[in-house]
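Both complexes below contain subunit A, partnered by subunit B and then by subunit C.
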Partner chain A sequence: MKKTSPFLLCGPVLAMYALLLAAPLAMTVLLSFNSYSRSLGIVLTWDLRNYAEVISDSYFLRIFGRTLQLAVAVTLISAAIGAPEAWIISRLSPRWRTFSLLVVLGPLLVSVVVRTLGWTILMGGSGLLNQAFAALGLPRAEMLFSLPGVVIALTHVLVPFMVLAVWTALQQVDPATENAAASLGASPAQVFLRVVLPQAMPGVLSGSIIVFSLAASAFATPALIGGRRLKVAATAIYDEFLASLNWPLGAAIAVLLVVSVVAIVLLWNRLVERRFAAMAP
Partner chain B sequence: MSFLRLDGLECRYGEFTAVRHLDLEAHEGEFVSLLGPSGCGKTTTLQMIAGFVTPTTGRVEMDGRDLANVPPNRRDIGIVFQSYALFPHMTVAGNVAFGLEMRRVAKAERRDRVQRALEQVHLDHLWARYPRQLSGGQQQRVALARALVVEPRLLLLDEPMSNLDAKLREDMQLELRRLQRSLRITTIMVTHDQNEAMALSDRIAVMRSGRIVQVDTPQRAYERPADEFASTFLGKSNTLRGRGVPGGVALAGDTVLPAETGGRVGDVLCTLRPEKIRLSAAGGRLAGTVVSRLFLGNHWLFQVASAVGELLVYCQNAGAAMPEEGDRVGLDWDDASLLVLAAEAG
Partner chain C sequence: MRRNGIVGLAFHALFVAFMLAPLAVVALVAFTPDGYLSLPVHGPSLRWFRAIADYPEFVDSFWISIRLGLASASLSTIVLLPAAVAIGRSRFLGRDGVLAFVMSPLMVPAVVMGIALLRFLSILGIQGTFGGLVLCHTVVVGPYVLRMLLAAATGIDGNVERAAVSLGAGRFTTFRRVTLPMLLGGLAGGWVLAFIASFDELTVSVFVASPQTTPLPLRLFSHIAETTDPLVASVSAVILALSAALLILLDRLYGVDRLFSGGRR
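Moving on to the complex of A and B:
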């Protein structure tokens, strides 16, 4: 193989990334330096006034805070549900394993919008959940247009990614270590917490990165369940672009969102690598 | 009173029977090996003792107590797995301490016992390493220390040496035997390696197709194999087909050789160990021709064509000149060396 071959082989993919990812991203960054006036539209200025506006406005800071809260909550709940789920599935007989994996991954085949609309039906003021609460004598819960409602629906959308990541990590685990722990006196819960989970941790952490970045930038679920009342970064960007027509401000929010997600993910990755360098096979 | 008792143990997976009606007893402090080829049910038997596999029927009793409703983590059994199954995310000391933690042993005592257990296997200097930083032999010794530190009542070894090279295996066998004898811990080992089974065990249970063929001391199992399978699986053997006649057996070529037939007449199987045959220039019971010979260091292996068929012969390398390929030789042995087994089933 010649020295240039790797570059030639990667070429098509790199070109596609350059055209479809890097170029629009660069244009968004450039756009964020422009300004907007009601009478003139986009004005080609080159300054940071949009960033200053976002950072100094408590309205936008609240939106970013809410986005972070949402992403962290969804990531934690997905890990708490996804990791044991992946372990249980990996311990099933082959036939049930295939079936269960299909059940877990099946929802990915259905549009996020459809799944989220399903949640609005369940969560609505007189929806199934509230009818059930009423039947049990519990108070009505306002889940639509609330953060918990968005967290629940988004967790449902993203948990399969966590299951997949943990599942992949569990494939590397010697099942005999579980038997070894049991023979040394560990109860099933101790086996999971002390032996399975630490070995599955690289999977949980990489799953967290996927779920966190998807949750932080999710649009459809927050838009449908949170609505205008409960904006997150992605829906705020949408509104700036299409309702206020203030494209430069929307672009600035978008750039801030991308930068903060990338920063958090890189930092996280760094911590993970340092922590697990010693035990990696 | 035996310490461990397997009573009519059976394990079926649908149509397939892995272990059929297995009875076995082990006394306190005894080392018993389950020896057999892969797929003979020996590992399934071990897993039923450990509690990882539930027997279809039959009982496992330890010290007079039925273990049927005792989960694996309450059986007080130490296990060394074939893959060692060390916890990759814990240090050597962490691995060894795990069982003590589960038993809520106080920290100071835990440290002492981990230290002592690692000294026992000569690994106390490596306590801070992670398993992947150890060689196979070291990992195996950590696994042994981890199983023994909790002072279990029973030790199970699942092919413990199969991942070690020959030299290391011999060292580990000596060390394992020394440890087992000094701790006087009842031990069940699963292996397909006859030398390992003979070197370590007080008794060997030879298994085939889910059944125990023979349980005996290593010497008796070797010298008086119960059937052809036991005779060929434990060491090398010449198997000869013949008929029982008064005073001996009639083999191929109408050669009648004296042997203790136990009054058997009709078709019988005979077995003759290669090292029991003596080669001489001429004379003896049979004449033969050397077909091939292999030099194996401390001994020679000859293939000799004779009237009763081809025979394997071991000769000690005592420095004397050995017959060459093509040479005529005489074959001789003691009457008692030619064993007559029960007629072949089927």
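Moving on to the complex of A and C:
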């Protein structure tokens, strides 16, 4: 049978993505080399002044520092709670397993705005969490407009990706190794840390990369919980584009954000590969 | 035996509570009879659901989001169906490149896609139009559609098609009567997933929507940024209910366990 050429079949989507993805992204990089003046708008200067401004201004450096802090905290917490949760889910009875996966992964299909609103209500000054703290005799916590508040809410938004990645990796793990460890007297914690976790590590690592990149570029949750004062890279880009109208500067922040995230992920990958190469027999 | 101990089950209960708490609190607060965000301690009331009707901009945004989801999910499915058949059923030079290219919107931060498309659409002079918004969402939801279509396309037994051809069916007839019905599960699953992704999308819409074409999540976002009355909770409850219904539909069409494991069992 004569086959239709795959290039013909892929043609429409390639044309669409070239026009609506590749071209706009390339133009954004070019835009970052231009400059902005209040009277003239975007001026085609073709220099690095936006990058120089971002790198030399302590205001922007603090924003990038905060973004990194946020992304690292969310990634670590997601790994710490998401990996054990995936293992526990994999050991439930089939019926409870399906139900639990639905509950843990289902929120991925609910708008981030709705999920963040829930945390705004919980964390408010007289919100449920503070009422619970008061009932327990604990002091009031100001979580709204604070970095810990953003970390908690963003962890809630992103931890399903970690559970999903680890759960997928656990499908490849031979349950006999766990049983062997347990029959030799290992406690559940020991089984998890010494037998399961090393085998599930590829899942934890790919989950970390997904969570880290999404946390570093998150917009809605930092904007709603962090507010105007607690700016991160994504909300700074938003302000440059829609408030100050300095598009070239905003584009430079965006390029720096993408480059830093890619660099950190690649470096992390390299380090991990070396560790694994050293561990392999 | 592989069983969870008490500690494991307690951890699991806490984790599930953590995942559900913010959603449950939104759904509960939506039924408050009071004028401020609070749990409905004075009995449930539909006051704030009725209030939605007094805010025509929310109703308009709801329909914009529905139309946007329908248009972008359909357009994306139509454009990606031939590509998924090619990628899933044959090996050719540049196959991995095409695959990576279509999946790349998942890798590019949404805020970067947003500014890039804002600049691009404003140069073309279609920034803020509904059509422009549809094009942006079509690109954003592409990876979800492709993943589902690929899972379906790679599972097809080529012998069935060869049997159709040997019985005298033409290429188009074979595709329409034999291949397409076998792809239907992935097609429907991918379409629903794309609709949900578009219906939930905020960050790209922030940059490319105009006041006349504001989708529901963006309307909600702007409203929350200004004031938090129980109206945002009742609107969110409607979104939650719709998402839950679509999730159940997806489960029926495709099976959630298969959906979340990317089509692999």
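By our rule, the second predicted complex is superposed on the first by the 259 of 281 C-alpha atoms of A that agree within 3 Å, B and C clash if a C-alpha of one lies under 4 Å from a C-alpha of the other, contacts with A are read in each partner's own complex, and residues count from 1 in each chain.
Definition applied: a contact is a pair of C-beta atoms (placed from the backbone, for glycine too) under 8 Å apart; a residue touches a chain by one contact, two chains touch by 3 or more.
Everything quoted here is computed from the prediction, not taken from an experiment.
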| item | value |
| --- | --- |
| Touched partner set for A:150, first subunit B, second subunit C, both or neither | neither |
| Which superposed partner A:223 touches (first subunit B, second subunit C, both, neither) | second |
| Partner chain in contact with A:168 - subunit B first, subunit C second, else both or neither | second |
| Contacts of A:179 with subunit B and subunit C, given as first, second, both or neither | both |
| Partner chain in contact with A:195 - subunit B first, subunit C second, else both or neither | first |
| First (subunit B), second (subunit C), both or neither touched by A:28 | second |
| Per-residue contact with subunit A, leading partner among subunit C and subunit B | C |
| Touched partner set for A:70, first subunit B, second subunit C, both or neither | neither |
| Interface residues of subunit A shared between complexes with subunit B and subunit C | 179 |
| Residues on subunit A engaged by subunit B in the complex (per definition of touch) | 174, 176-177, 179-187, 190, 194-195, 198-199, 201, 278-281 |
| Touching residues (chain side subunit C, partner subunit A) in the complex | 1-5, 7-9, 11-12, 15-16, 18-26, 29, 37, 39, 79-80, 82-83, 85-87, 90, 92, 95, 98, 101-102, 104-105, 107-113, 115-120, 123, 135-136, 138-139, 142, 161-162, 165, 171, 196, 199-200, 202-203, 206-207, 217, 220-221, 224-225, 228, 232-233, 236, 239-240, 243-244, 246-247, 251, 256-257, 260-262, 264 |
| Sites on subunit A touched by subunit C in the complex | 1-4, 6-10, 12-14, 16-17, 20-25, 27-28, 31, 81, 84-85, 88-89, 91-92, 98, 100-107, 109-122, 124, 128, 153, 156, 159-160, 164, 167-168, 171, 175, 178-179, 188-189, 213, 216-217, 219-220, 223-224, 234, 237-238, 241-242, 247, 250-251, 254, 257-258, 261 |
| Footprint of subunit A on subunit B - complex, ascending | 50-52, 71-75, 77-79, 81-83, 85-89, 98-99, 102-103, 130, 132, 146-147, 150 |
